[in-house]
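Quick heads-up: structures coming right below.
Two complexes, one shared chain (chain A), two partners (chain B, chain C).
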Partner chain A sequence: MHKLDNLDLTAKLVLAVVTGAAIYLIAVPLAMLLFAAFRGPADYLPFEPGARWTLEHVQALFTDPVIYTRILPDTFIFVAGTVVVAFAIGFGLAWLVERTDLPAREIWFALILFPLLVPAPVLAIAWIFLMGPNAGWLNLAIRAALGLDGSGPINIFSMGGLILCQALASAPFIFLLLSATLRTMDPALEEASGASGASPLTTFGRVTLPVLLPGLLAPLILITLITAEQFELPLIIGLPAKINVFSYRIYFELNPLSSLPNYGAAAALSLPFVVLGVLLLMLYNRLIRRADSFVTMTGKGYRQRRLPLGAWRIPALALAALYVTLAAVLPAAVLLWTSFFGYALPLSATSADFSLEAYRQLFANRAFWLGLRNTFLVALASALIVTAIGGLLGWIISRSQIRFRHVLDFVSVLSIGIPAVIAGLGVMLLYLSLPIGLYGSVAILIIAYSYRFATTTRLARAGFLQIHKELEEASATSGARWLATLRRVLIPLMLPALSAGFILLFIVGVREFTIPLVLYSQDNVVLSVLLWQLFQSGQPAPSAALASIIVAVVLPVIFVARRTLARRTLAE
Partner chain B sequence: MLTVKGLAKSFPTGEGAVRAVDGVSFSVAQGQCYALLGPSGCGKTTILRCVAGLDRGEQGSIAIGGRVVSDAGRFVPVHERSIGMVFQSYAIWPHLDVFDNVAYPLEVERPRVARAAIEQRVMDVLALVGMETMARRPATRLSGGQQQRVALARAIVRRPSLLLLDEPLSNLDARLRDSMRRELSTLIRQIGVTALFVTHDQVEALSLADRVAVLDQGRIVQEGAPADIYERPKTLFVARFLGGANVLAGCIEERDCQGRVRIALDGGGHRLTLVAEQRPGARVQVVLRPEDLTLSAFAPADDRNAISGRIAGLAFQGSNVEYEVDVGGALLRVLGRTHADLVLGTPVWIAIDMRRVAVFCGAGEPSAADGICRV
Partner chain C sequence: MAPWPCRAPVIGAAALAMALAACAAGAQSLDQDKVKALHAAAKKEGQVIIWGTQRREVEWIPAAFGKLFSGIDVQFLGDNDIAVKAIAEARAGRHQVDVYQNSLTGTLPLVQRDLLANIDWSLFGIDSRNIAFDGKMAYTSNIVYTVAYNNKLAKDADAPKDWIGILDERYKGKGASSTFLLPRLIGALGLAWGDDKALQFARDIVAKTNLLLTRAPRESLLQSGERVYAFGEIDSLIRAVAAEGLPVSQVVPQPVVVGQFGATIMKNAPHPNAARLLAGFLASPEGKAARLEATSQADYGPTSDNEFAKALHSGAMQVVWDRPDNMAAREALFGRAAAILTGQSR
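Showing the complex of A and B:
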């Protein structure tokens, strides 16, 4: 264990920089948020000349009836509904893939990850094409089959539609969390049930579920938190349905229809959100620690023995296929089709309807090329920054005895509890106030994206746990300085964990929509924002073309991701 | 070569700080092999880590080769100390092959060592440990014994002043341990390096070291040459720890003018006559090593040096049998040859070599806490 005074100068310097950077990237924007909530008048930045201390925003928060009659109920129903549906889907899929002899498990595993990899607006737009009340493919098909007229029967622009879409989008996340848990469960527990004469279904209900229960609670809390932070689908699907959730409301205060942005109100609205997030995270951490000590999970690699599905194989396959069809296959198909055929339908289209015009338009659009460059630049740069900082934070937390390491741990975990919309708001307030000309640039996006340390830090901590401390000490006793140990021993050994974290962050960066939307300018447009703008301005074919391109870019990542992430570490 | 003075270090626990090392002083002469021997938790590894610079003592000083590396105001970091260390887990880096593992200390050395010199020295040291044909084998494909050799090669390749070994043989299986112990002993003497090692295995300490310090609860309880410590343990703890000995409680009945005492053992009515320092009436603990006891089915001629009992258990070990003999309340472990007549329940006699019996003051039994018994 390293105490601060046992480290050499380089080590102290590097660690000081890392610590400073982590605090700057997470805590400073949050502090700005806190200031802004208590500074007014409304459209003044917290430190602008003329701004003063005020409680008006916080008062407004408690007295505004809209919050109690609309926002709170809508948010609650949205979150509760999504969590229930997504958890059922995710758990069912994870159990089928990890614990049973479902055929073609590897393929299912890859396909299930699809919604996790593409930007949410891509999915939202595809689902609108599929389930729009008038011209949605599914509705057209159902109406044709049943001989109905008018619109519907499915209306995506409703609370039910929003919940269904969000659940489809979030299920892979739960799937990943739970498949790790299920993989480390001793199969003998289930086999003992089978040997006692229980059917697979009975075993599932009487053994699998009760044994896993403590391990399920933590993912449940995490998904609740993450659902509450969702912004993309509530904006694209919820807004036309007049559903008003918290995250959208914050965005609305910044971009009101007819007046100046109300920074104070947005900040005040964010505060309870952040507090709730922190509380849930503390509970989550506590539960994780308890679940880790649960005796049936040893983390050792068991030789996988799977439950034979027998006659249940067909229904199981049908369930998996249903999810994959709704969440991956149909969305990809409808986007690709629309990009070539516009509104013409698959069965009635002729070759005359086929057109490359959408792609031509897109490629002629300067914003497309700029967005393409920005998307990759920002995703790569922020993934690098966060991997470097998160990896070193992981070292400090797991290997040093430096006194403030628990604070760093907390700061890094905190990043899960900060919704993207609030992260964007904090960064916006900070750089609107700082006269260094970053606002509106690509650099501000890199900075704003680079606050998600939690995943890397966790991956790094798990990685360091697997690296015997003596491997590091052996380098020091061989005469190597800290930096040489870092470069020649730690980084090579941590490479698998770090690259998993890097890929994950890169994907998150490519998917990011909320932060670049909040911080949008002509110069820093990214593909996900451009997609939404095209769709909003009534250009279905070019937006479908852009979405198809994004999917085509993301698809190869699935196979890298499946190998590196899923098998190894994602659920850490 | 190595001087440790008044070293102390404590670790925080749930109930306050625990003194892991409590004022330990010793020195190791040039070319000597020195063992810190003790049960787990006695502080021996902490001492080793303080010498290495992986931990820092709170009090005391450490000097390696005349240079103070750690005292109240000074702390030379681990990478600037002239040491080589073999870790308990061997700590062979899995991302490097055998050659690169061993070359590492030379590669990080400043000023730089020329590549050709590195190759020469690595191959030399690999030859020394008999691994020269496996230079390019990945570290992940080494057996336990091979890992041990690589770890040793890596520790000595930059010719350190001091070689530190943390339980160097504990990770090997029993058969391999014996041969590696002999090999290690030869190697350390061959290269003439000063070595400090910690172990909880008395055989390892006694056979490898020139000097041994026995530790208990963070303190050195006895220090000396191996034979000296084994023959003349100063405390009951040392006697027990070194011998796997039988300990019987009793009290001194009488003492003659030649210094011989008669000890009445608790429980069985047995008496032993031997030379000891304690006065009549004192409670004592009598330590009998299994190898100093001889089992027979008949009463020996001089029954003052024998006690009778009944075989209560036996464990066949090949050429030997470990018998457990019930001598009236206490069980004695006796090593003997396999004998067809000696079965469970057989009445036997144990002849004792009285010159090798150690007697210590002290109660041991709660019933005689005062240390005095009625004669």
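Showing the complex of A and C:
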């Protein structure tokens, strides 16, 4: 473990900058969150003249019976159900793609990520078209096939329907995060277990699962908190089903459908997220205390071996195909269809209904080109910033003995506890109050997006736990300085984990909706916001065309990124 | 397909023609020396930025405005939250928006914060009855709340005759509403019914109707057959999508609820001359005619001469009008209704 005194000047400078940037980028939204929770009256900004300290928001939160009788129970069921289903789907798919000889793995990899590419409101609408109880395409097909009358049998407007849809939407998060862990796992341990006579189930329970535990916990923590702050699907699918979750309540305080936002109430409501993050962090730290137990990548070479599926190949393919059909193919078909045929339904449409008008309108729209540029600029820049800072934070936390490393770990994981809507709000409040010209610019979006260190830090930390210290020691013994060791030893080995984090952040940046919705103005509009405007304005064809373009642009990025990274890893 | 049923006065092609005729009659309102001088000054500014509540309501403006007033680049933003954004920008000392177009309730917070400028609307020949907030706003158009339905799955006679009728058992599981519009409708109904009855109406909707309360376009749900009725729709939107070929019609239940929209300019508008010119255009007969043609949004105000406007003003039906003096009460009520409808309070 590195002590601060033992590090060279370059290392100290780099780590100081990283630490300062992390604290600034995370502490600002958090400070604004805490500050706003105790400032009032309701429609006052925290810094505004006339604002005062108050407990009214916290009191209102804890004395509201709706919170206890409705919102908390619904939230718990929604989050628990989604996490279980999404984790099962995501883990299963990641294992099939990364550890077995499933055919066409590159294609599955990209298709599985589809729900990550599409802004959630569009997916929700596509699923309503598919699973609406009265006229959903799937329900119509099932009723016709079984000779049933009435509505259903699938009812998307139910807790089960909401959980299913959210799990379909969230499973790619799990898949992407677990892929990196599964890809870098040394199969020698499993082989040794098998050679010792252990059954596959025993090997999985006693070897595979304990080895993967750090890599499993990070996505588990992440998906729990991400699910808890979801509001798009609860809004579109849950609200009509009378399902009322915590995140929607926060959204409601910021968008009360009537008067101005109640920033203080929204901030006060967000405090439980922070508490939840702290509790999960403590649980996580306890579970990974014996870090050395989980080292799976050493200085010794190993070869990748994939489990032959044999007779299970067809069921495995069917499982992957079922997910991809529900989460990607059918929603994409709905989007494409709507972009070309508008309101016309498949059974009644004729060739005369086909039109490219939606695309023509879109390409003639100045906001589209501005949004396209802004979207990629913000997603790329923020993903780079967070990957760089998060990776180094992971090193500080897992490799150094710097005194404040636990504080950094704590601050990093807190970023999960800040819902995007609150993070956007915090940044907005700050830069509305600071006359430095950032409000309304693309730069403010980059800053606002760049607070989610937890993903990269968790991934990096799990990755560092799998890299034995002997590699760094060998490099140092050979005369390499800290920066050289980082560049020539650690980064190449960490590439799968860091690239997974980068891809995830880039995709999240491309589809990010909440933060730009809070912060957008004339000049910094992004595609997701433009899509929402088109959608809400009752222009389904242009919004579907825009969604199709987003998918068409981002899908090749996934292929190229993964192939490039695979080659680089192989070359190293 | 007739856009309006017999239950309400018909406003179809004939009314549209009348509105356009009215435009021709008032076509000289923007053809005066003072307006020409204002145009010249606005051209020097080169640009004007307008914010409205929906893309549909503003995206037609650059082309229509450009036909009469060349040399001015019109940029727009369409979003339900423009009141919040405009107030936030003003607090930050950032002044980007010139013309602010919203409903009376959506404009009230800006009036209360003294963010809007006074305009001499007489320059554009605008009747004083179409001016509100002490000269800060001129009326541009109205909306009427309706019940829309899929006319392949239901008939005009099937639709509710009054708003309380949507609680009927036969509509259970068949209706959809906008989370944004329905509370506003209930707020307006409260002006006619009283607060208690309106709020109980909101509770009954939650308890009895299995309503699909959504921000998604309801016309898509109607067209697919997922829902048969959309309660609390906007007349112009339904007319527009019907014209695009959707199988939707609408009725106007009693009491008739009419919303009022208008144009204002910001006190710190970066392009003050262009802002005045655009706001004047939007409130002028020419602007109203262009809006009707582009968006189906009509003017039902006291100076309008279309048939439905005349019927509304005839006293033959109960009408709840948006007025500056009842906005605060309505806003407070629809805030409470929104909380009930979305499950945030009981």
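Just so we're on the same page, the second predicted complex is superposed on the first by the 353 of 572 C-alpha atoms of A that agree within 3 Å, B and C clash if a C-alpha of one lies under 4 Å from a C-alpha of the other, contacts with A are read in each partner's own complex, and residues count from 1 in each chain.
The working rule: a residue touches a chain if its C-beta (ideal position, glycine included) is under 8 Å from a C-beta of that chain, and two chains touch if they have at least 3 such contacts.
Keep in mind that this is a model prediction, so the values were computed, not measured.
Enquirer: Applying the document's definition of touch, where does A:Gln59 land relative to chain B and chain C: first, second, both, or neither?
Expert: A:Gln59 contacts neither chain B nor chain C.
Enquirer: Tell me the contact category for A:Ala484 with respect to chain B and chain C: first, second, both or neither.
Expert: It touches chain B, and chain C stays clear.
Enquirer: With the two complexes superposed on chain A, say which partner A:Ser475 touches: chain B (first), chain C (second), both, or neither.
Expert: In the superposition, A:Ser475 contacts chain B only.
Enquirer: Does chain B (first) or chain C (second) touch A:Gln466, or do both, or does neither?
Expert: The answer is neither, since A:Gln466 touches no partner chain.
Enquirer: What is the contact status of A:Gly132 with respect to chain B (first) and chain C (second): first, second, both, or neither?
Expert: So A:Gly132 only meets chain C here.
Enquirer: I'd like to know which partner A:Pro492 touches here: chain B for first, chain C for second, both or neither.
Expert: first
Enquirer: Is the number of chain A residues in contact higher for chain B or for chain C?
Expert: Comparing touch counts on chain A for chain B and chain C gives C.
Enquirer: Once the shared chain is lined up, is A:Thr202 touching chain B (first), chain C (second), both, or neither of them?
Expert: In the superposed model, A:Thr202 contacts neither chain B nor chain C.
Enquirer: Kindly list the residues of chain A that each of chain B and chain C touches, one partner per complex.
Expert: none
Enquirer: Using the touch definition up top, name the residues of chain C that touch chain A in the complex.
Expert: Answer in residue numbers: 49, 54-56, 75, 77-81, 83-85, 87-89, 91-94, 96, 109, 173, 176, 179-180, 183, 187, 206, 211-217, 219-221, 223-227, 237, 240-241, 244-246, 331-332, 334-335, 338-339, 342-346.
Enquirer: Considering the complex alone, what residue numbers of chain A touch chain C?
Expert: Of all residues in chain A, those touching chain C are 45, 48, 66, 70, 121, 124-125, 128-129, 132-136, 151, 157, 235-236, 239-240, 242, 244, 248-249, 252, 255-261, 342-345, 366, 428, 431-433, 435, 439-440, 521-522, 533-540.
Enquirer: Tell me, which parts of chain B touch chain A in their complex?
Expert: Those residues of chain B that touch chain A are 52-56, 75, 77-80, 83-85, 87-91, 93-95, 104-105, 107-109, 151, 154-155, 158, 164.
Enquirer: Taking the complex as given, what residues does chain A use to touch chain B?
Expert: 1, 3, 5-8, 468, 470-471, 473-481, 484, 488-489, 492-493
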